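This report refers to the structure that appears directly beneath it.
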Amino acid sequence: MDRAQVPPQPDTDLQAFCEALVAEAKALPDSGKLANYIPVLAEVNPYQAGLAVATIDGQLFSAGDARTGFSIQSVSKIFGLVLAMNRLGDSLWKRVNMEPSGMPFNSIMQLEWEHGIPRNPVINAGAILVADVLVSHYSSSKTAFIGFIRQLAGNEDIFVDDKVFRSEKLHGNRNAAMGYLMKSFGNIEAEVPKVLDQYFYQCSVNMTCEQLARSLTFLANKGVQPNTERVICPRRNAHRVNAILSTSGMYNQSGEFAFTVGLPAKSGVGGGIVAVVPGFGVICAWSPRLNEYGNSYLGMHMIARLTEHLGLSVY
Amino acid sequence: MDRAQVPPQPDTDLQAFCEALVAEAKALPDSGKLANYIPVLAEVNPYQAGLAVATIDGQLFSAGDARTGFSIQSVSKIFGLVLAMNRLGDSLWKRVNMEPSGMPFNSIMQLEWEHGIPRNPVINAGAILVADVLVSHYSSSKTAFIGFIRQLAGNEDIFVDDKVFRSEKLHGNRNAAMGYLMKSFGNIEAEVPKVLDQYFYQCSVNMTCEQLARSLTFLANKGVQPNTERVICPRRNAHRVNAILSTSGMYNQSGEFAFTVGLPAKSGVGGGIVAVVPGFGVICAWSPRLNEYGNSYLGMHMIARLTEHLGLSVY
Amino acid sequence: MDRAQVPPQPDTDLQAFCEALVAEAKALPDSGKLANYIPVLAEVNPYQAGLAVATIDGQLFSAGDARTGFSIQSVSKIFGLVLAMNRLGDSLWKRVNMEPSGMPFNSIMQLEWEHGIPRNPVINAGAILVADVLVSHYSSSKTAFIGFIRQLAGNEDIFVDDKVFRSEKLHGNRNAAMGYLMKSFGNIEAEVPKVLDQYFYQCSVNMTCEQLARSLTFLANKGVQPNTERVICPRRNAHRVNAILSTSGMYNQSGEFAFTVGLPAKSGVGGGIVAVVPGFGVICAWSPRLNEYGNSYLGMHMIARLTEHLGLSVY
Amino acid sequence: MDRAQVPPQPDTDLQAFCEALVAEAKALPDSGKLANYIPVLAEVNPYQAGLAVATIDGQLFSAGDARTGFSIQSVSKIFGLVLAMNRLGDSLWKRVNMEPSGMPFNSIMQLEWEHGIPRNPVINAGAILVADVLVSHYSSSKTAFIGFIRQLAGNEDIFVDDKVFRSEKLHGNRNAAMGYLMKSFGNIEAEVPKVLDQYFYQCSVNMTCEQLARSLTFLANKGVQPNTERVICPRRNAHRVNAILSTSGMYNQSGEFAFTVGLPAKSGVGGGIVAVVPGFGVICAWSPRLNEYGNSYLGMHMIARLTEHLGLSVY
């Protein structure tokens, strides 16, 4: 017996609905603003919007700027986490918790309070710790990381935006503070600058909505990549990633997102949001302007509308 | 199209499995300890364990001490929340947030930090605020509360344990502190002692696993009580309650619970845990001994095993 | 050998200087605002200003509104502390620390962080604890308190302003929160409402600059009341009170006050400030308008000018 | 008129008293332990104890190991602060507060809470900021720093212990975290590694009790070096340094130190403590074993006894 053994079948008009949603979103009153913590992100055309849905039975629907590359930023935390879980197994959870953070995504206060153990692996401190795992356990951690993404997306052209990468490194003082604080608690193995280099590299990957949606379908399919039948991670790890994304993936708006959308999801300050629909597929929305929580303003709108229309909430 | 349109059918042997689970749980090495913050809770026989499953198609499976009454304590927060949402509508969310708490369930620090706005309605501060809503909006808020539960459970014999009620009031200084702190921020309308009286009354309701499971099936059924077809709350409110329970229902173990079980759930220090399986039903486990987070030690075990066996995780 | 064995002799023109200072202060551009946390404090004529200096050799200089009564508010914490130290001896320091607070004077966060032990006895939480000591150790704690002040001031007409007292009780929710929080940690003996009643009573004493200055000269004279030669407290307790006032008496401006004035001092939101000059005497300035830290705007000015003029800094 | 115009005259037997005090201290039951946050500090002979008193009239009394060099560690914060105040003037106080910290000396939490503005210049964060001032305003900040100390002590042999310096740099992750956090708030001008290099350099100066006591007599003499009549800093800056040391110089034991000793003082984890007696001179005690607050166990004892004996408390 399985609660979701019969996956929903996409409406025949899902493609049309996606297109209508992008049009609707672009017509909304101007709102939100570009990330500006690194200058290069503030140079993006703010009026773009894309939407893609990749289903576990191999269909792909997309609309708007869904084939335009953007900086995936914190969405990269998912890829890092899956790699680190595969590599370390359960011992990872001695070094990072799996609880919601309850504070802004970059709170160093909570890290101090909890003695250098990040609340979860999808806040910055946790993702820096994950980067340390990769640096410490792969001889070539950058190659391993980008290679993993290329394999998942089935696309060898996915690249790291060097301009973003260098800009991140120049403006990463708060992340450096968290790295050194964890190091002071003995929770970082490698040298902090090397860990930060890996972390910023991961944030600087450039992908499109279509690529992101497709690359993460294994999370909606119990760890198995639908098209290739490759096991990307054990079933229970796919469940776990989804659980963490459900409680903590949308910064300090995670609770509200669960409330209004009800899906495991992760956003990045580049404007991308991915949402996993277990047993169905993955949605990726992108639009660069952000709301006060750092989540894409139009991206939130498109995902909420799509989820409601298709009845996808897990609750 | 609906992701979960075909609800899972209970195994023919679910009754047998429940019985086996209770036996398995009772045979586990002794662990956990009774709540002792009020003396009367420490007087309960610690070796009891019960399990009940109520499905939305009207079946009821139960085993062990599933017909023994216990103090529902924080599980009562669900009933209060549904009543307050029905009464106030969306304006409730101006006075309480819907984000995970990220700190222990009774943290007054976070309440101060966020200017008297509780993180969510299922931590103590949030539930005290909900009690204020009931006190301020019902002429007889205690009668309304117990009447609501009796109606949901279809059982007029459900009662408030007066000994627990009086004990709560004697040992409720921290809750009083939170009440007065919210009052100082202008976020409590009624007199604080009256609000606390209502709050402790709600915590002191005595119910069995069978009664709790049955009374909450509307949350698994889009707000509709399965047997009577009565609309208990709007569909979206049922979704919302489930979402809040998913991120915040299990105290500071909520993230781990999402990780290992993957269901909306709420526990109480009386040892009860209810878990909602949207489209299927409600599980209630009870056993008085608590782990370090204040969640029932054997209750966690039984729910995790049952959920895994039936593949009920929403992720 | 004693570092300060020769007390400074007042200038022959100290009286004239005090009068000039009040005139200077009253001529300053309008600034600061009345305390408004209880309505009755907001009804005071904001343009009053008084200054008094009582020396340990029995002289009294005063100017402006130095004989007008005002609500002494937190200045009362000194009297309560001396009484409680006399009564409990060193065991008092098991229940309250003597460290600077480093946070706003009414921070409940720090109280939680430090498990119900207030940082020091001159922040609100510490003074509430002191009130608990008085309530628990005197059969008639209000009478003992006002009697102590009357004796120190040599004036039986000093009274508690009943209108202020009732207003305090109506608006004391934050203090109630701190009382209940300490009670929850087992650090309050009496019933919280009774403790708060005592605390608000103490805050509501009405005195003039002249009365306050004279009543506290024992702190500048090693515990001995100059005119009567009565030992009010042991010499080391006088030192201790001065030490606590030096690090913590001026709310979150204590460090700056030490920096610019360099004297043990205590202010109240009624606009009064007393400063102790060991080996010399006590200064009391009063003016109702407060700066952003809750300290009297003109009072700060007058005390800083007087201290600099007379070279009174202890540093 | 001046409150302390007649400085106390040393007893003819102060030398004998110092010797007796060291003997008394060394005979106390073994207590406290060596700093171990950097390995080299844990290699010091723990049973040493020295005491020196330098008066503003040029006398020097000393006993025990008062001519043995030790790592001055945080005592160096005084020299850095005086240099930075001389260099920047009042604009320094836009970048660092002058309030007591109320939390452990290396709390990064408070730094975050107050947006990268350290509470005061003698906690680690504040001293790192001071190091940034020196790095940014001197072409050769290390030379300027050690030169300033050599001039004050009248001894060109004072040196930086290179082994300590390198050890500090290897174990300074928490300080690095604070440096990067302040940088992220825009409150550090120079490159963080360069600032930390300067900070660790300052901590690694090696001096004796006699040298330290003599070098700081200007603080007891209104900014003027007694023997040379050189103005080291303006009178008000000497007052200010003393005020800051009074509220914040002894880590989280500052309040208790004011309470029991009543002097401006600064300690370091190398076991040194200096106490300033305005109008009299400077005491320096040293013994490597530390109490739970990081202050020298025997050093505290010797200073408390000496201060009480001579009646030196400023309160």
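We call the chains A, B, C and D, going by the order they appear; numbering starts again at 1 in every chain.
The criterion applied here is as follows: a contact is a pair of C-beta atoms (placed from the backbone, for glycine too) under 8 Å apart; a residue touches a chain by one contact, two chains touch by 3 or more.
All values reported here derive from a predicted model rather than from experimental measurement.
Least step count on the touch graph, chain B to chain D: 2.
When each chain is reduced to the average of its Cα atoms, B sits farthest from chain D.
Remark: chain C and chain D have CA centroids separated by 31 Å (rounded to whole angstrom). Look at where the CA atoms of chain A average out and do the same for chain C: the two points lie 56 Å apart.
Measuring from the averaged C-alpha position of chain A to that of chain D gives a distance of 49 Å.
Which chains touch which is summed up as A-B, A-D, B-C, C-D. Only residues 107-109, 112-113, 173-174, 176-181, 183-184, 192 of chain B touch chain C when the two sit together in their complex. Per the touch definition, chain C reaches chain D in the complex via residues 1-11, 97-103, 110, 119-120, 238-240, 242-244, 246-248, 252-256, 258-259, 262, 264, 277-280, 310-315.
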